[in-house]
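Note that subunit A is present in both complexes that follow, paired respectively with subunit B and with subunit C.
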Partner chain A sequence: MRFWTLLRRDVLVAWRKKSGLYQPLVFQLLVVTMFPLGLGAGAQTLAKISPAVVWILALLSTLITFEHLFKDDYEDGSMDLYYLSDMSLPMAVLAKAMAHWITTGIPVILFAPIIGMLLHLPNQSFGILLLSLALATPIFSLLGAVGSALTMNLRNGGMLISVLVLPLMSPVLIFGAGAVLESTLGNSAQGHLLMLLGCLVLAISLAPVTTAAAIRINLE
Partner chain B sequence: MLFAPVNLELKPRQLALLSGANGTGKTTLMEAIAGIRLLSAGQVQFSDNNSHTWQHHSHYLGHKLGNKGALTCAENLAFVAQINGLDVTERELSALLASAGLAGYDFQQASDLSAGQKKRLAVCRLLLLNKTFWLLDEPFVNLDHAGCDWLFQLITAHLDQGGAVLITAHDQQNITALAHHHITLEPA
Partner chain C sequence: MNRIVKFYHELGSPPSFYRITQHWLKPMLLLAVLLGVYGLVEGLFFAPKDYQQGDSYRIIFVHVPAAWMSLFIYLGMGIAGIMTFVWRMKVAEAVMMASVPIGALFTAITLLTGMLWGKPMWGTYWDWDARMTSELILLFLYLGVMGIYSAYDEDPRKAARLASLVAIIGLVMLPIIRYSVVWWTSIHQGSSISLMGGASGIQDWSMLRPLLVMALATKFYYIYVLLKRAQTYLMKTEQNKQWVKNVVSPHGAQEVSS
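Then we have the complex of A and B:
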């Protein structure tokens, strides 16, 4: 099936290029080491800010990977190959966003507990942290697809993507970091997680169509 | 408007040569016909009324070759085949690459190829997809003598089989001799 063909190709390309895989993780590790230095603080202060910091790091580290989501295909001409094929464009977008999630989102999810540990995140919150990121990282990839498609023919589109996409991501951050914060206080995070799930459903249904429209605008 | 109005009716077994000075819009016109750029005026029609979209019958080979550097030659071709719903075996791809002078390059990443070899890999797609109508934008650039001869033979064979070709090519005497139509773009 065409969907899997494109998905497999993108995962393979990301795997061969490597840099996209570890870039977000290196970024997170570098930034997180700055916090104890800057705050000069003990475990208690770090634990207090940890839900927000882990979440902001996950968000920002994903943000730096968006630029090449569609730009590479646009520049080497391989976009024309699926654009002109029988494959529906929103479907192609969904395949590419899913490949981006597999190669960026999953590593970020798996890496989050390490960041959490470095920041003394309370033990009872790790489950909620993983769950909230599992719901949110696909949203990141889908929103990133919109921003990436809008800027694919610009030379320095990276900054513009941040400006376009960050406002859309702020609800995700609020509910995601909120869920982890509630769990550190021993409260139920269910409400926040359900809101995240709602955001995910909204992103899956709207982002592919929006991205496809952005690609058409930029190609034609 | 980029260039003065042009009109072309291309029949099976015919080749049209598109020429014009640099910057007159040859590539723009090619891309518009291929369907990756919007025509601000005019239209492209395919006479077979059963076909709704013209793109199903054409393949465009432009300046952006469409090879993925991180993929091997065989993977590049397999991707194009699968995305177009074709089933090809590894052996068929290998034979196709060999016919393009890329024997033994099956598992070489496309980024490692020379400019001419990259072009040969892109030309393989024309043979793989076997569309009726070929849109070729400067296909001879970067090819060596043997490569030019090879591509010229492919074009004549394609015309013999009932295909049609729209091409831009500089300094290709044999293509000029072959052309049934000659369109020159003039600035508007």
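Then we have the complex of A and C:
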């Protein structure tokens, strides 16, 4: 019960704030404009790099949202209340990560086809792109929760979050961008997607516990 | 059995850790220097040339032991991290944080020597193959542990506990990262040594010997620097304790007490 209350509260806060919802998308749009400017607008060049670029943009635009995942709650004292309440901390973390996914992950998934279109991603790959991002964006939110909890009482932890989280995300990027790449070449992406699913299961089971441990250390 | 348990508990207390390891420092340094000089001289001057790579293969006498150490130290750091996290042992904390810069250094050496070797062999300093990439990610993991520790510099114990968490996460993730990176096709040659004596490994004992000697030398070097750094770490974090004062100025402390 508390799980859903916390989830709803977080989604509502993000919805009222708005900036968190569209910031990643504006970021993606800005950066994707730079690619043709730097590479030349040749459709073939762009199509070749499009799986990687769409994926890296999704990753980086989520990365910029991590810093405030726990920081605001830590600063206004809500974090202490989660800690003191009889709700288990990993469940609270899971609720917050899920709210982050709903407010950041879903817009990123929905926006990815537009980015793909701008980069001339081959038509047959859009389905796999959506599927791979749907599997991977929850992993982003969960790993981001770990990084965010580790740095929640630092004044400028943004850079540190990248150092902590990006190496952990490299498998996700390999399998995710790999899946889209395979589909552009006309191959089956099933293996990559299954590996992504495995990563997701692992992240759901381990990340909340780890995040909760980091929060406990930070609140001591 | 009792003595081992007692020894273990003694190692867990900073003053006796300092006292016990103080006796180990010199032999470790001596072994590291002797074996290192022997291994390097034999490896660089006396080991036979490789029939394919000529003299440039000789960089493996530095490269391969450093690569082994970069992973070995990560494992050590992770285990010390688990001990820090679970039992909050100060000595484990010191061992973990002392391991990080040494491991990062060996990782950097591995990358640099690999690049130098890659230029004549592959015609390029850098290629995004599986081992180079995972070694680079390993360096990032080390930097992450260092980064989180230095970010919380006002509270070293909390910093160490958070750093231990990062180390544990890294330890869990390392195999996943490693195997996901191996997914790519690799142009790196296969392992130089396999315990089963595979056909592709080094067969010649006069090539293998300096390599193994160097592997031992780097181990002893690691133990020496580790103990020295752990001692310094403990003295710094416990600077107000009496044992540190006794160590730093044995005579001054006696005057105060008398």
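We take it that the second predicted complex is superposed on the first by the 219 of 220 C-alpha atoms of A that agree within 3 Å, B and C clash if a C-alpha of one lies under 4 Å from a C-alpha of the other, contacts with A are read in each partner's own complex, and residues count from 1 in each chain.
Criterion: a contact is a pair of C-beta atoms (placed from the backbone, for glycine too) under 8 Å apart; a residue touches a chain by one contact, two chains touch by 3 or more.
Quick caveat: nothing in here was measured; it's all calculated off a predicted structure.
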{"item": "Partner chain(s) touched by A:206 [first = subunit B, second = subunit C, both, neither]", "value": "second"}
{"item": "First, second, both or neither for A:220, with subunit B first and subunit C second", "value": "both"}
{"item": "Touching partner for A:76 - first (subunit B), second (subunit C), both, neither", "value": "first"}
{"item": "Subunit B versus subunit C as contact partner of A:190, first or second or both or neither", "value": "neither"}
{"item": "Contacts of A:9 with subunit B and subunit C, given as first, second, both or neither", "value": "first"}
{"item": "Which of subunit B and subunit C A:124 touches, first, second, both or neither", "value": "neither"}
{"item": "Which superposed partner A:86 touches (first subunit B, second subunit C, both, neither)", "value": "first"}
{"item": "First (subunit B), second (subunit C), both or neither touched by A:146", "value": "second"}
{"item": "Intersection of subunit A interface sets (partners subunit B, subunit C)", "value": "220"}
{"item": "Subunit B-facing residues of subunit A, complex", "value": "2, 5-6, 9, 12-13, 16-17, 75-78, 80-87, 219-220"}
{"item": "Contact footprint of subunit A on subunit B as seen in their complex", "value": "34-38, 55-56, 60, 62-71, 75, 79-80, 82-85, 109"}
{"item": "Contacting residues of subunit C [partner subunit A, same complex]", "value": "85, 137, 140-141, 143-144, 147-148, 151-152, 158, 161-162, 165-166, 169-170, 172-173, 176-177, 180-181, 183-184"}
{"item": "Residue ranges of subunit A touching subunit C (in the complex, touch as defined)", "value": "146, 150-151, 154, 157, 160, 163-164, 166-168, 170-171, 174-175, 178, 195, 199, 202, 206, 210, 213-214, 217-218, 220"}
